[in-house]
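Each of the next two complexes has chain A plus one more chain, namely chain B in the first and chain C in the second.
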Partner chain A sequence: MIGYLGVDVGSVSTNLVVIDEETNVVSYIYRRTMGDPIHAVQNGLRELKELLPAEIVINGAGTTGSARYLSGVVVGADIVKNEITAHAVAASHVAPDVQTVLEIGGQDSKIIILREGVAVDFAMNTVCAAGTGSFLDHQAERIGIPIEEFGNYALKSQNPAQIAGRCTVFAESDMIHKQQMGYHVEDIIYGLCQSLVRNYLNNVAKGKELMSPIIFQGGVAANLGIKKAFEETLGMEIMIPKHYSVMGAIGAALLAKEKAGNKIESSFKGFSTSDIDFKTSSFHCKGCSNNCEIVKIEVDGEVLARWGGRCGKWEIEQT
Partner chain B sequence: MFICVNWSYNLGVFTKVGGQMKIGVPRALLYYKYFPLWDAFFSELGAEVVLSPQTNKRILNLGTEAAENEVCLPVKVFYGHVLSLKDKVNALFVPRIVSVEGGAYTCPKFLGLPDMIRALDVDLPQIISPTFDLKLGLWEFYRSVYELGGFFTKNVFKIIMAFQKGLNKLNSFENLLHDGHLLNEALTGRFSPAPRGPLRIGVVGHPYNIFDSYVSMNLIERLQKKDIRVLTAEMVSPEIINEIVSNLQKKLFWTYEKDVVGAVFHWLDTRAVDGIIYVLSFACGPDSLIQILIEHEAKEKGFSVPIMPIVIDEHSGEAGLVTRLEAFTDMISRKAVKEKS
Partner chain C sequence: MKITFPHMGTLDIILSDLFTRLDVDFVLPPKTTTKAINLGVKYAPEFACFPLKVTIGNLIEGLEAGADAVVMVGGIGPCRFGFYAEIQNKILHDMGYDFEMITLEPPMADIKDFARKCKKIASKKTLWQILQAVRIVWKKAVAIDEVEREVLKRRAFEKNSRDTTVAHKKGLAVLKEAITPYEIKEAREKALSLINEVEKDLRRCPLKIGIVGEFYALLEPYVNFDIEEYLGQKGIYLERAVYLTDWMGPSKKNSVMGIDSDELAKAAKPYLSHFVGGEGQTTVGHIVKFAEEGFDGVIQLLPFTCMPEIIAKSVLPKICKELDIPVLTLIIDEQTGRAGVITRLEAFIDLLWNRRKKKLSAVGC
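Entry: the complex of A and B
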């Protein structure tokens, strides 16, 4: 059996997917990155191998997400792509007529506008992370409700509280205030969902024409409260794909398949790469007053990759 | 015009400098517009022009530490260049450029630049800061030129000749730009072959953001490495820009923003680019308004050229820029492939 591996390492979650020749998802892993992308990928590969049929042959591997270059070295990727392209490819694959993709992840949120299967416009949140998954995570922890339950609480709300969502810090003080006033926790949670959606539409989706069909993906799509808030605000139906949480990884796998074409010559290092001891280290280059921080990745003293400089003198081509 | 200037203007008010004077020019802000003029003018009058080095981390840190919080990144960079030059020169050239054409101003920060620099809490060499305000007419303008030249010579003829030479240099520099050369190449005279790929991206924004490769994180080079042809606003002739902005509903107040609007509209009208990247500095007032104006117009006209804003400040990480650039170039190249098939 021939498969294609997609790896998406983001700030919060690390996702791995294997698709088959017919682009069906064979198995997938969704796990937390926990600030250690290399081990997250290695452990993910180990777990994924257990789920896969024994006779699988990986014919191509792709990586995406903010740690795409690092994870590309670890797995031996044939293609390394940014997360916008990966998400757009995955969305138009599962819903060929999709025109709008809403994606909310751990630390960034994006909107992708597609027409006839091609991305024609996109936007990402800028320096501010208000209204992303990390924020919801943090608030769930503070209220003492598991993040998985957040959506169910939100749906029970009868009378949502008005929460200021422009800034995470102020939203939090607003929530505390509403709690002290005696608002129901479900009303506060749904109010939070509404404010997150408002923030997203005002900042990320600002000025974009949101046309149906709309797909909502990324880890935050698990939260039905956010979906409901989107639907109420936009007055349109929002679809959530089956594998909403690993769409980036599916996109990376699809791109790897696209790149592979018919030849069988992947640079994928195999599942045993999970046992290799990758060492990362960094140093400051003293070559000029820019003092760039150079990161290098080694295995048994052999430098696999090096990056981070402005001038390119330390850069090593990835093998 | 300047033949009839009253040459008896009193030169005695200026500081006399013996020997060759070293005049420092910060490689920031309007350096990117007028350096060929300034360079030729000062050199012709016998001064040695000392240019600060390319922006680097040290210069940026010097600037951000010294500047008050409110100013935009390019002004902070300017501070850094001033501080890196201050011990190497007899005087610093920080002109107050108020207006370079009738009915329009430069950025409000340029108007106050010499005062902001003088307010720095450090020992600075003499700041030479003539006021150039073309709204007051050519007479006042040339009086300022004459005042400036007075730092070096009392010979009126020499000042006029030096300025004329500067204008010629500026002219040939601008001609190079209109011929399609990139500003940094036209400034340095080092030309490299331009990419010949099928994709064309227009990069607009203030030249001091785009062509300061430290500030823009090598934006143009990164695009060229992907074999993308880069167009900038400087390449569009002023005649075209003036024609376009004269058709706007409301007149634009700012000269340098006019170039951005004119170039973008021209590219949209002539289908000259596959995508547009607008580089803005965080906390830039004019930029924030122009961005909306451009997006609004593009939508109104129903053009399908994607426009991506990139906001830069001193905290900008390369990762964010790289991701956006990759996504943008992927998007337009996948779109082009699809349109072809």
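Entry: the complex of A and C
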């Protein structure tokens, strides 16, 4: 059986997906990055191997996410792509007529506008991460509700509370204040969802024409409260794809498949790469006053990759 | 009196040359690096625009190196830039530096004041001598910009990454040494031929992107993450809206970019019908022009809190829709991470390629 691997290493989660020749998802892993992308990928590969049929042959591998270059070196990727393109590719694959993609992840949120299957515009949060997964995580923990239950609580709300959503710090103070005033917890949670949606639409989606069909993906799409708040605010139906949490990885796998074409030669290092000891180190270049921090990735003394400089003199990238 | 001044792109080459000719004692601050930025961020107000922070950093380094006078340019438009010199003067004096601030306001505002200050800077020369020196150095400045314009266009075709950058550096070194008008002309030819000689792959059909926005963000490569070099190495043909001499030049005619300001204002009119300070209106005009010339996309660069560019940004959705041209806006300040900029640029390049492929397949290519 032939498969294509997609790896998406973000700030919060590390996702791995294998799709088959018919682009069906064979199996996937969604796990926390825990600030250690190399081990997250290695452990993810190990877990993924357990789930996959024994006879699988990986014919192409793609990486995406903020650690795409690093994870590209670790897995031996055939293609390294930014997460905006990867998400657009995955969304237009599951819904070819999609015109708007809302994506909210751990620390970033983006919007992609597509027309007739081609991305024509996009935006990503710049100055503020209010309303992304990390904040919701933090609030769920503070209130003492498992993050998985957060959305269900929101749906129970009858009179949502007004929560200041422009800044996460003020949103938190406002939530505490509302708790102390005696508001129901579900009203506070749904109020939070509404304010986060307002924030997203006023910042990330500012000036964009949101047209149906709309797809909502990324880890935060698990939160039904946010979905409902989007639908209420926009007055439009929102679709959540089956594999909403790993769409970036699916996009990377699709791109790897496209790149592979009929060729069978993949630079994928195999699942045993999880046993390799990748060493990373860094130093400050003294070549000029820029003082760039150069990062080096080595295996058994052999330098696999080096980057971080502004002038390019240290740069080595295998992929 | 020992003069220092802030950096902005190739301004250091031009002013060093001018001051040397005029027998002015000056000290060049170290090139803008993280150190200058950190110094500026520490002493400038948090919500000041980014160029103010960086230039304060430059000036601190210049004063530390022994300068006791600062030359800055002023301004009379609604953009906060016109007030930079005043703020810098106050902040640096509050920090305890003893120096004199010489602010050159636009000559059309007060020609006598301008002449007096020029005379003050170059006290050993007559006004006539100053004028002669400026005329020659101006030729060099235009030559430097013209060479840069070619670099932006040709880097997309280089066979070996960084060859054009190396040729550009060599060309600038040649131009730096030129003294007489004849030598400047020769050096310009030499620099252009160095860039021409870089091994190229002319079969490429590169994406064409126009770069617009606030002049400092455009002209200072360190603050814009060397965006032009990055894009050029990704095989993208670039044209930039503003060059140093276009910005400093007294006339409406932008000799390097090649479009004069009346034409830009006319192009911008359906979207932004009046001057809003800084490059706000010309940015809009340039986007319209780039769209008309069939560019694949435009990148707008602005420092965080830049008012004129925010106004330009607010009319972008309409321009993009009516003229069918994608525009990527990048907002820069000390909080901006290079990784985030690269992610957006990569995605923008993918978007433009996919659009082009689709357009080609629509006409049956």
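Criterion: the second predicted complex is superposed on the first by the 318 of 319 C-alpha atoms of A that agree within 3 Å, B and C clash if a C-alpha of one lies under 4 Å from a C-alpha of the other, contacts with A are read in each partner's own complex, and residues count from 1 in each chain.
Everything below uses one rule, namely that contacts are C-beta pairs under 8 Å (C-beta built on N, C-alpha and C of every residue); 3 or more make two chains touch, one makes a residue touch a chain.
Here the structure is a predicted model, which is why all the values come from computation and not from measurement.
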item	value
Overlay on chain A: chain C relative to chain B, clash or fit	clash
Which of chain B and chain C A:310 touches, first, second, both or neither	both
Touching partner for A:55 - first (chain B), second (chain C), both, neither	neither
Chain C-contacting residues of chain A that also contact chain B	66, 81-85, 116-122, 124, 126-127, 207, 289-291, 310
In the complex with chain A, residue positions of chain C that touch it	30-31, 33-35, 161-162, 222, 226, 304, 314, 316-317, 320-321, 326, 331, 335-336, 339-340, 342-344, 346-348, 350-351, 354-355, 358
Contact footprint of chain C on chain A as seen in their complex	66, 81-85, 116-122, 124, 126-127, 207-209, 289-291, 310, 312
Chain B contact footprint on chain A (complex, rising order)	66, 81-85, 88, 116-122, 124, 126-127, 207, 288-291, 310
Partner chain A, residues of chain B touching it in the complex	56-59, 214, 217-218, 295, 299, 304, 306, 308, 311, 313, 315, 319-320, 322-324, 326-328, 330-331, 334-335, 338
